[in-house]
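There are structures below to look over.
The two complexes that follow have subunit A in common; it is paired with subunit B in the first and with subunit C in the second.
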Partner chain A sequence: MDVEKQYDLFVIGGGSGGLACAKQAAKLGAKVALADFVKPSPLGTKWGLGGTCVNVGCIPKKLMHFAATLGELRHDQVEAGWVDTQVDSKHNWEKMVENVNNHIRKLNFGYKNQLMRGDVKYYNKLAELIDANTIKLTDNKGQIETVTAKNILIAVGGRPSYPDNIPNIQKLVITSDDLFWLQENPGKTLVVGASYVALECGGFLHGIGNEVAIMVRSILLRGFDQEIAEKIGLYMEEKGIRFIRGCVPDMIEATEDNKRKVTWIINGQKYEEIFDTVLVATGRVSDTQKLNLEKVGVNMNKNGKILCSADDKTSVPNIFAIGDCVEGRPELTPTAIKCGQLLANRLFNKATELMSYEFVATTVFTPLEYGCIGYSEEDAIKKFGEDKITVYHSIFKPLEWNYFEMHSGESCFAKLIVLNDNRRVIGFHYLGPHAGEVTQGYAVAMKMGVTKEQFDSTVGIHPTCSEELVQVTAVKGIDEAQKEGC
Partner chain B sequence: MFRLNKLIKSFGSIQNFTNWEQDVLKASKPVIVDFYATWCGPCKRLTPLLEQKVKDHPNVTLIKIDIDQHEQLANLNNIEVVPTVFLFQNGKKVNNFTGMLPPDQLNKFFDQIPKQ
Partner chain C sequence: MQEHTLVIKTENDWKALVLQNAKPVIVDFYADWCGPCKVLKPKLHELLAQNQGKWELAIVNVDIEELQKISSQYASQGIPAVYLFHKGEQISTFLGNSEAKAKDMAAKAASL
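== the complex of A and B ==
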């Protein structure tokens, strides 16, 4: 006899993907439950419903990045006439973090309400699979309950990983899980890593007035266009952020006054320095270890990322997975959300549309921001061949940067990668202010298959930075990127 | 004795919350329950106003409840917005409002609470 299951869909993980799928499924009439439980970081940091993006990712990051850019604008303010602006005033970390944390708690509350109003049963408990239809839920007091479901969605995301060569490292360093909830300014900080997390965090910490060094093992922003990645690094260096390249920490120890002594080796030479805080941002790991997936038959790669087909199915027919915990997916909130919604439509509304990851726009919020869509130059060459593409490039200076003379005239950069045979723009790269706002609209055009000629026939808005993209004519390898004259 | 009673003016009081049944449902005087959150800006502005008006009103008790500290109670009362303010009389919800109220509406809310 087929015992009826309590839920049509049980979602494990209340982040971007899990929440989107749960809400959409319930809207379509399914009986849905969602379990979200935050395991505290090694230093004890924890947070509420909403996942990485809301609590320890995009949201606090963008707010802190904004705080840093506001500080940097003080010099421009003076030159623009606000002559009484105090360019040396100190940033108050506590004030910023209180406002950021309050906003996050507002969002946590909002999500809880959305679930309640959307008829999604919310369990603030740690979930584990007993079998393909049974979930064990444990609360923070250790009490256990069991529920059954027809379909299960795993959307548990990931957590920061730690280097494995340093004893007791988890208690000596902070990660992005801790940074946004620190009640005190982290002070002189060593950021270990070259990911966008490392560069964004190092960037805003410096922007609010902290001494920052970034330790990079090899290249910056692996996977992104390397010409732009190096320009980002150069801009940060020119601003005063120190890069320590070609090494990793050899040793990290606590000093008597609770600072951190870090040792590293370059070309056989040993270096040592004291920092107030070490922030590790060397990668993230899928949070699937304690779910009991092997026993249930859900296949993962050796890094714990779940293997799924294009329709988000795992190796077990009624178990699905989306978001950061799945192999091959971009680690982005909007893709997890869309993927979750489309999955709910397929499960409960007979829809067939699969998630497409083509031409997904994204932005890195480093001190000089970088927006991109589609292929990096390296990936385009690898896929199509250098002779099959044309690269257009341009160096430009935002008009507003002409108040304060210390702004560089050569830092901002635009690049378009065009496929020769059909003239389609397959790579869009913008390095400059407001990169997120500039880039978003172009993603619509690229999804529609826009050509370089259509770009060129589009009239620019003047005076903006964005208009550079519809005016770029210099060809890489033939013309210089810098325009001559005014 | 009669004259002494007339001389002693009543003031509303702010009470620490301990128990829903005792403090709210079984209270002899009308009770204003202020559901607030520490992260909520309008709550921070409303609560002092409620406290002042409660002190000036002769016959009401104010109880403040932090929704993060008392999640189950907040869920039981379907709190979806903060601040949410209820007026209880004889164990029943007789009035309520959400968000920050302009002064004249706040006055009206308090005028409707029986003075004895």
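== the complex of A and C ==
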């Protein structure tokens, strides 16, 4: 005889995916509880409810990126006629961080209230599975309580990983977990990594006036279109960000005045430099280690990512997993949210719709922003064959960039990848200002199967950067991307 | 003026200083990150200074871990959330930065 379980659904992890699923399930009448607990970073940084995106990801990142772009606009302001603008005035890190952190705390508070009003029981405790229906909860004082649930959702996300070749590295470097809560400007910073996290953080740190070097082992933005990735790197270099390519730190040591001495080797030659801060952004690891998943029978890959079927089921029938902690899922907030909502619908409303990861739009908020949907050129060639696709490309200059003469006329770039047999646009790439705003609408079209001819028959809005996408005619390999004249 | 404010830090403070207070207590639920809270606070202090000792002002910072249960109960609709308590009973409440509602509540508190 089945003992009645306390909850219909117990969610472990109060981030984008977990919160969305919990709220939706409760809306559909399920008895839901959610446990969220932030293990402090090695340097002691911690934060509230909401997960990576809200606390140490998208939200603070975008706000700080925006702060940096505001600094750059000073030059344009002067040429646009504004008087008394100080192009070299200093940036106050403390003020920015205080405002960013206060906004995050407001979001933490809002989420807590949403759970309460939505009848989701919130445990600010660290969860661990005892068996497929029993969860052990430990609070920050070490007190333990046990609950039972019919279904369990694991949405624990991930945390930054550290290189393993440097002793005591966790105490010597910061990661994105720490950067957004630093009470003091990190100063001259070495960013280790070539992920979007590394480039975005290095980008805004430089934008607010810090000296920044970015150490890259091989390529930039692995997984993204490499032609665009290199353009992003070139733009950042032209702005004054140093790239140290082809190596990793060999040694990092604290100096007497608490700076960091970093050593690296290129072609047998040893280099050494002092930085105020080293920011490591070389990857993220799934946060599943202490959940006791192996004992309960939930299968993971060797990196700790949970293996799930398309309907988010793990190897244990009543245990589900969504978001960053699942193998093969994009590490994005909107996909985790949608996935969580659809899962709740399937569990508690007899729905059947599965999450689709096709044509998910995303944007990298580097100093020159990059929005993309669908296939990179490399992936399109790999999947379909070079002769089965046509690539259209265009170099353009935003109209607003014509006030300040130092703006480049060759950095902004648009690329469309078209499948020859049905003329469907399968890859959309926009490198330029406001990339997120430009890209979003096109995702709707791509999900509907838009063709290049439909793009071409669409009248552009003038004068904008976005109109480039419905006017691009130059074919890569035949025509130059740069237009001649006006 | 400031020293008359009851700063609630624990559940015991809540019981002793708000629920068991012989005088009526106006309680202000606020947070450091809340803009409207910052605007309302001095207005409440002004009203406190003018009340000739008829009621007390207590403040609760909703970010204090120990007070989570109380904060969730009273501040779940948003902040600033202001309550009038008398002899352990909630008499009235208002939400948001409203000088008019604060004045009304102060008048009511003085009449109890």
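Here is the rule we go by: the second predicted complex is superposed on the first by the 486 of 486 C-alpha atoms of A that agree within 3 Å, B and C clash if a C-alpha of one lies under 4 Å from a C-alpha of the other, contacts with A are read in each partner's own complex, and residues count from 1 in each chain.
We adopt the following convention: contacts are C-beta pairs under 8 Å (C-beta built on N, C-alpha and C of every residue); 3 or more make two chains touch, one makes a residue touch a chain.
Everything numeric here is computed off the predicted structure, so don't read it as measured data.
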Three-chain arrangement built on subunit A, subunit B and subunit C clash or fit: clash
First, second, both or neither for A:S161, with subunit B first and subunit C second: neither
Partner chain in contact with A:N292 - subunit B first, subunit C second, else both or neither: neither
Residues of subunit A at both interfaces, subunit B in one complex, subunit C in the other: 101-103, 105-106, 109, 113, 116-117
Subunit A residues within the subunit C interface of the complex: 101-103, 105-106, 109, 112-113, 116-117, 124
Of all residues in subunit B, those that touch subunit A in their complex: 37-41, 67-68, 75, 80, 82
Subunit C residues within the subunit A interface of the complex: 31-34, 62-63, 68, 72, 75-79
Complex interface listing, subunit A residues touching subunit B: 101-103, 105-106, 109, 113, 116-117
